[in-house]
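Following this line, the structures themselves.
Shared between the two complexes below is chain A, which has chain B as its partner in the first and chain C in the second.
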Partner chain A sequence: MKSTNEQTLTFAFMDPPFESERTVTFFRLLEAALDKGANIRVFAYEGAVSLSLSLQKAHGNSIHGRNAKEEDHPLSKDWISSLQHKAASNNLKFEWINCGLCVDERGVTDVIKGCTRGGPPDLWRYASESLNTLTIGTR
Partner chain B sequence: MKVLQVIDQAFRTTTEEQDDTILWLTRSMRSVGGDLTVLLAGHGAYYAVLKTAQPSLSLGKWHQSQPADLPKDINQLIDSGVPVFIIEEDFIERGLQRQSIIQGVQTIARHNLPVLYEHADQVWQW
Partner chain C sequence: MSNYLFIQSQDPFTETRTSHQYQLAQDLLLAGNTVTVLLVQNGVMPARQKAISKEFDALLNSTVVVIADKFSLQQRDIFNNELKNNIYVGTLEHAIDALLAGHKVIWN
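Let's turn to the complex of A and B:
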């Protein structure tokens, strides 16, 4: 497993799913970093802890005239899962920590496999052990 | 009640929701009889010249199959009886004047906006 600091990038992200295009940009950055051979560490802060909520559920959309299967609605938990698999297939690490207090505030305790609970010390550890850190705050 | 929906944040979460959430909200409320008008302001002016659906997102092996189709949504909104306006100056400021506007979308000069606003009982700025 590749794991030297020079190959590891930390991302701190604050936006919840379904609110801002920053979320999509964030995920595209994660994939781009994987494409460049970087190990990924994510610290999900505030609303971003909902990105990995396992209870996310795709729905149909009567306005679009499509049932749930046809609508095939994007879910951020599936994006995380897809990038986890991509990292694994490329022999790279993909770690994800949700801020525990932020999780408690929102009650989003059920998260997908590979996403864990932590706190600011983990962000500090992530950043300290990484080549660089990108913070994407909410607005 | 007449509501003016002012959309000035274009492409906000269109990838995840597979539509513009305020256009969608407007269509939904229209379907239950809502009397609504849409004003595409600021960056929202871009919506008036779109010709195709948004590009699909791919992340790893995940591929989007139903990207937002904003021209279709606007056409259906107009067909349902919702007037859609764009602010002429916002359109020109963005260099869009040489592009054709979706049929049925009306331009309105900024100095005429008070007429549109006065016509509404409530103005919802998104």
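Let's turn to the complex of A and C:
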């Protein structure tokens, strides 16, 4: 599957991992976009810069007597990695920029491969070069 | 004339602004635009037949196209036969199709 620049979509997202259903919907949108043959560009800002934090660890659930493997706790860094692989296998581009100001505020500098540091001008560039942009605010 | 798709994640029972969002969709329609509302997350809650929301029912009685996300319905154990009239069941593909068509897609 090949995609032209005219099929590039930008998503701006600001929710941190593990706190809102919006995060799940956001990732579902990204996968749906890949299924439609679109290149993806993500600008993560505010709490969303933690989505790609490489230090995320799954944990068990002692209350329910499940270890980490049985609990199978989802990690957003793994979802990003999965989408990166899906895009690559479909010959699509998947770019991810974390807002550097937001990264510094939170100290989340250790991110998985393929996620880079940028700034608000990158969102402008992404949006200007894309066919369309969806901004998912917290409200 | 423009094409709008609202991704409606908020519901009228917990977010008072939702009634204004429904009204905006209807106003845009009356102004000659094409408007679709895609219900996701708790946005599907007023779609149940027994849910009471005058504002949502007014939206359904307009010619705004209302689609409920199948995944969000399943998460909340809402079956298709429990939905009010004039609601289609679909997926997030509708939002992506709209984005790729250059429509104005807005997250609520």
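Here, the second predicted complex is superposed on the first by the 135 of 139 C-alpha atoms of A that agree within 3 Å, B and C clash if a C-alpha of one lies under 4 Å from a C-alpha of the other, contacts with A are read in each partner's own complex, and residues count from 1 in each chain.
Quick note on the criterion: a residue touches a chain if its C-beta (ideal position, glycine included) is under 8 Å from a C-beta of that chain, and two chains touch if they have at least 3 such contacts.
Keep in mind that this is a model prediction, so the values were computed, not measured.
In the superposed model, A:Asn39 lies in contact with neither chain B nor chain C. In the superposition on chain A, contact is made by A:Gln7 with chain C only, not with chain B. Comparing chain C and chain B on the residues of chain A they touch gives the larger count to B.
With both structures placed on the common chain, the touch criterion links A:Arg28 to chain B and to chain C. Looking at the shared chain after the overlay, A:Asn98 reaches neither chain B nor chain C.
In the superposed model, A:Trp79 lies in contact with chain B only, and not with chain C. Applying the stated contact rule after C-alpha superposition, one finds that A:Thr135 touches chain C and leaves chain B untouched. In the superposition on chain A, the residues of chain A touched by chain B in one structure and by chain C in the other are 21, 28. Within the complex, the chain A residues that touch chain C are 7, 9, 21-22, 25, 28-29, 32-33, 35-36, 38, 131-132, 134-137.
The touching residues of chain A, counted against chain B in their complex, run 17-21, 23-24, 27-28, 31, 61, 63-64, 66, 70-74, 76, 78-79, 81-83, 85-86.
Across the complex, chain A is touched by residues 7, 9, 40-42, 71, 91-93, 95-97, 99-100, 102-103, 105, 107 of chain C. The residues of chain B lying in touch with chain A in their complex are 11-19, 24, 27-28, 31, 57, 59-62, 64-66.
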